[in-house]
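When the chains are written out, they are named A, B, C and D in that same order, and each has its own residue count from 1.
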Amino acid sequence: MLLSEVTNTGFFNLAPWIIFSPVIGLLVNIIYGGRMGEKAIGWLASAASGLAFGVSVLLAVSLSGVHGEAQVVLFADWIRIGELNIPWNFRVDTLSVTMMLVVSGVGTLIHIYAIGYMHEDVRFKNDLGRYRRFFVFFNLFIVMMMILVSGDSYLMLFVGWEGVGLCSFLLIGFWYEMDTLGRPSWANSNAAKKAFIVNRIGDLGFILAAMTMFWYFGSLQFGEVFAQAEEIAAHQPLVMIAITLFMLIGVAGKSAQIPLYVWLPDAMAGPTPVSALIHAATMVTAGIYLVARSAPLYVTVPNAQYIVALVGAVTALCAATIAVGQYDIKKVLAYSTISQLGFMVAAVGMGAFAAGMFHLVTHAFFKALLFLSAGSVILGLERGHHHLAHHGKSEMPAEAAPTPPKYGHGSSSHNEAFDPGDMRNMGGLRKTMPVTFWLYLIGSLALAGIFPLAGFWSKDEILADAQLHYPLVYILLTIAAFFTAFYMGRQNWMVFFGKARHDAAAHAEESPKIITVPLMVLAGLSILGGALNLPYLHTFTHWLGYTLGGEGAEVVAEGAAHAVEAAPWYVLGGLNLAVAGLSTVLALAAIYISWILYGRKPLTHGQIDPLKKMLGPIFTGMERKWLVDEIYWALFVDRYVDVSRFLADVIDWRFWHDWFHDKFIAGTYNWLSNIALDKVIDTRGIDAFFNGLGEMTKQASASLRRLQNGFVRSYALAVLFGVVVILGYLLIR
Amino acid sequence: MDFTLILFIVLAAVAVLTAIGMLVSRNAVYAALFLVLNFATVAIFYLMLGAPFIAMAQVTVYAGAIMVLFLFVIMLLGAEKLPKGGVLPWQRPLAIGLAAVLLAEAGYLLFQRIQMTTELAGPGLEVNSVEAVRTLGLALFNQYLLPFEVTSVLLLVAMIGAIVLTKKEKGEA
Amino acid sequence: MTFALIIEWLIKGFVLVLVLLGGFAYLTLYERKALARIQSRIGPNRAGPWGILQPIADAIKLIFKEELIPARADKLLFILAPVVTLVPALVITAVVPWGTEVMMFGRKVTLYIADINVGVLYIMSVASIAVYGVVLAGWSSNNKYAMMGGLRSSAQMISYEIALGLSFIAAIMLAGSMRMLDIVEAQRNLWFVLLQPVGTAIFLIATLAEVNRPPFDMPEAEQELTAGYHTEYSGMKFALLFMAEYDKMIAISAIGATLFFGGFRGPFVDMYPWLGPVYMLLKLVILLFGMIWVRATWPRIRYDRLMAFGWKVMLPLALAIVFVTAAGIILAEQVNPLFLWSIPIVSLLAGFTAIMMLYRTLRRKEYARA
Amino acid sequence: MLPLTYYLVISAILFVLGALGVLIRRNPLIIFMSVELMLNAANLAFVAFARSFDVLTGQIFVFFVIAVAAAEVAVGLALIVVIFRTKHSIDVDLMSSLKG
């Protein structure tokens, strides 16, 4: 195409801009950020993300213009080795556009929130320079996530998959030289390393899946792989099971499922916007996206599907029970996230891809809302604490005189580290932070699944599907839903009701507009998000059905089909009233129980959790996370250290270094060079030859020297003479 | 006698006369100016031969850059004229004689060995299409890319060389 | 080549020369008026209404002045130099198109003199010839000041010619041709100033240096060199030098308008070809005002800094611009049309970087002392 | 059109004049100019042959010659300037010793 022929050929060509705009944002911030000031940095990063959202909206609109037909936007050649040809193309279909909208939409809101949050965070931790770094990482994350969801092959998806892993690592360890309370420690960087290593285990599964796939399918492009899925599954069912289960390991790593979920709670070490964006709304849902994307593979092997669903359900229940026993406001939300991811994995495992994706979207709304509100609460407490430290009005147990802080504020100015995230330090915030309270309440109710908030619709769609196919999964998930409502109730009573259990909570201040306004938008989405897929209409299911066509669409549309054909009386337009009613009653009951335990008689300072008295060791188990971390440590980490010691000391040092390198190789080499090469070949052979050559040259030049008289023009005359003679000879000849 | 032939004869006369002028003028500035004129007439020859790009490059590089550089050096050094006399008195007659022989040989070669009637191919002065320049450029950047790059390196080396040569050492006034 | 065609060429050439000579006279008036306005004065207003007869009065004065030739000057070159200076300024405009074709006296008349396929190269080579006049004027006067002025001027012109040529290349690449008409045609929808704003800026700055206008009027810096290369000139010969300077301004503005500002293109020009020269004149007047404005507001910069600016700022920036343009065109042609806009964006970033670095260098203490 | 020989004759004359200039002038600047004249004569022959055989190679070669000539002049003039600085004269016949 010549420059003169270049014209705008439609919005699909804009697809690469979902990556370009955050790339531009981060480049400008890297190059000019040092001279731009905080406001400009933050808003530039937000605008970059917002532009990506705008492009995603354009893509969605264009896509509905072509009736959801998947578009592949050719972009660039990437790998071309023999038969292996993997271009970097952008796949624009309903599934990927849904993910793009969530990533960039929620991402933009969290960027804006972070402008306010990081402004205070870098001041509490005394390093203003990291403000820019944070937004560079954040934009990089958007880039990587967009690559993940827009790639047209498993390899491109893997690039994004690793990229978001890297961003997650960088951002968990953002304050790498301190712990969450700002004391000098390696706690944060250890959390980052843990997340990174556990994710690598999952990625190994992904790589194995991709390699197996390439071996049997001869391609990693989505289109080519899916086209052969039926055939391979019919002839080599074991291959298909291997691929899907390897992939499940990857999903378990990225989406924090049993047995690889242990990194996510520790990941709360990152700043709160990170927890909201990466560890709740977007990155951790990559696994669900992967399963949904691979729907044509999964539907061919029901056994694998069942295993996936079961993993999800067990994770959902297990994590929900742990969440009950946590005291840290973000830890509760972290386990809640694992639990909800379990719901989604169970849903996509059952083949209810639309339900799973629907829950993914609504969960992104309300979990981001919850995390960000929790961040607001933590900031409020920090501010309250700051206020106290500077005014010294202590009404509670003694605190030491302030000393000059080294690492920020929280630690060294007080004997006893104050943890602004500990719910035992909160209480009564309803009055001091009213806006945050209402936002948090909306998020909690949406998560608990109370009608008519977003969570109600999406969770009940999953439960209804489970009830149809897998009774065991259904029972597990229902219990998990009960626990969900209970721990959210517990958290709300502990944080916002009763009386302040710490000075800081009593002096907490409401957050500024820049923080609360994005929250309000998210709250609105949490309330209205259910409208995406209302009974009878099933907008979202149809939208995704364009992409998950073929067998996938059958399963997806099954809920709707049931409603039309064999619907019992309690199923209305795809909404199973019995299931919905039961879960709502359970949720309300759970909230009531939590009120009895925590709301009626609020906790006081230093009081033991009332549930502990009732359940004893079981609650201790919940509190200690069922000792999973300790078991992993004993089983894997210690053994690994033993093996590495052996390798380093015996194999590497003693065998390779001392014996093989020093004695064997170096000794032989020394002998060869000293005796054979130097004395014999070099001195007697080579030197002698070249010295002789030099001597000859000297003698020859001595006799030729006389020709040189120094007049340039004479030389030229001689040259001309030569020319004339030669030319004459040529003519006469 | 057609128009082109008259033009050619006039230009040829100018070219030879300016070359002789350069050869004999005692003042180096005049020699340089004669040479500029000579280059300009050669550029017109190029135009007549259907090589407009080369013609323009000739004027830009030779007349516009190289000869200005000469004038610069002449004026800066004050080297317009050299004192009379030299150390090689036999050089001049010998050179003139040899040059005459060379010219005779060339003439013999041209008039005896090559047919006078060999006509040039193509339409000549009328060649004025954009394609000609485009073809030249494409050949330069495809077939002759390596020589082109080597030339660029050569120019860079020459530039650095000129700077290093004329740079004054530190401490030297 | 018919007789009528030769006559047509002669007439067109004659008209063009007349326009340039008359334009010179009124450009001086324009400049004096504009300068006066900027400096809160009135300017020439005695000769004729609004002073429109002032140029004629000046001409009469110059014609009747005594012609002086220094005793030890090189007479031939001293007389030849003003002519050598003026001719390129007139000749260079031959390739600038003022429109496409109009019907006149029953035959199609093209509104340009020559339409050659290497039009831009022609401009480059004629511009490089223009140095001679100045150098010879300086040398033949046999006056140290004049000689220094001439050498300065030629060094400056050669230095800035490189950046100028590179900015031409940006326009050539965008149009895909060296023919002036093609370049104008390529700007039918989009002026190159929008696609390559930094290239245009380089062109405008380099042309200021090329025609020795303030703030680059080194060769004529009166406090250093009395009056530079025309110190010894008087009367009509001085007028010729003066004329050459202003005709160069006109010529270079016409070239700039053609390369970057859409040339004779404007609304309705396809329907009424006569509008072409009108648009061209309009653009010319605006660009010339830019030059006058710069003269009124900017102080002259020191000679070493002028050279440093030319070689250390303009040349690298122009090279970067060429590279960016080439890369942008390839990306737009091969990958995605939207990459076309990466050309102005990346160029502006490059320009911005250059300005930032320049600013920081100027802020350094050693530089202020140097 | 004119025969090829016309151009070759002009080229030969210019070349011989250039060679003569190198041999009989003592001013290195003029010697240099004569070298340029010889290059130019060769260029003219190249272009004429290119036209005669209807190929572009000749023109390409001329392009390279022009570039190389520019490089050569830059270095050569720099050398002359340096020589003038040390010897205060630029007569080539005075430059007959290897030591500056």
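Methods note: a residue touches a chain if its C-beta (ideal position, glycine included) is under 8 Å from a C-beta of that chain, and two chains touch if they have at least 3 such contacts.
Everything numeric in this text was worked out from a predicted model, so none of it was measured.
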item: Chain pair with more C-beta contacts, B-D versus B-C; value: B-D
item: Chain B-chain C separation of Cα centroids, rounded to whole Å; value: 28
item: Distance from chain D to chain B - Cα centre to Cα centre, in angstrom; value: 6
item: Chain A and chain C: spacing of chain centres that average the CA atoms, whole Å; value: 58
item: Chain centre separation in whole Å, for chain B relative to chain A (CA means); value: 68
item: Chain A residues counted as touching two or more neighbouring chains; value: 711, 713, 717, 720
item: Overlap residues in chain B, where contacts from two or more other chains coincide; value: 53, 57, 65, 76, 87-88, 91, 95, 98-99, 102, 106
item: Touching pairs - complete list by chain label; value: A-B, A-C, A-D, B-C, B-D
item: Complex contacts: residues of chain A adjacent to chain D; value: 709-713, 716-717, 720
item: Residues of chain A touching chain B in the complex; value: 711, 713-714, 717, 720-721, 723-724, 727-728, 731
item: Contact footprint of chain B on chain C as seen in their complex; value: 1, 74, 77, 116-118, 121-122, 124-129, 131-132, 135-136, 139, 147, 151, 154-155, 158, 161, 177-179, 182
item: Residues of chain A touching chain C in the complex; value: 1-4, 6-9, 13-14, 16-17, 75-76
item: Touching residues (chain side chain B, partner chain C) in the complex; value: 3, 29, 33, 36, 52-53, 56-57, 59-60, 63-65, 68, 71-72, 75-76, 128-130, 132-133
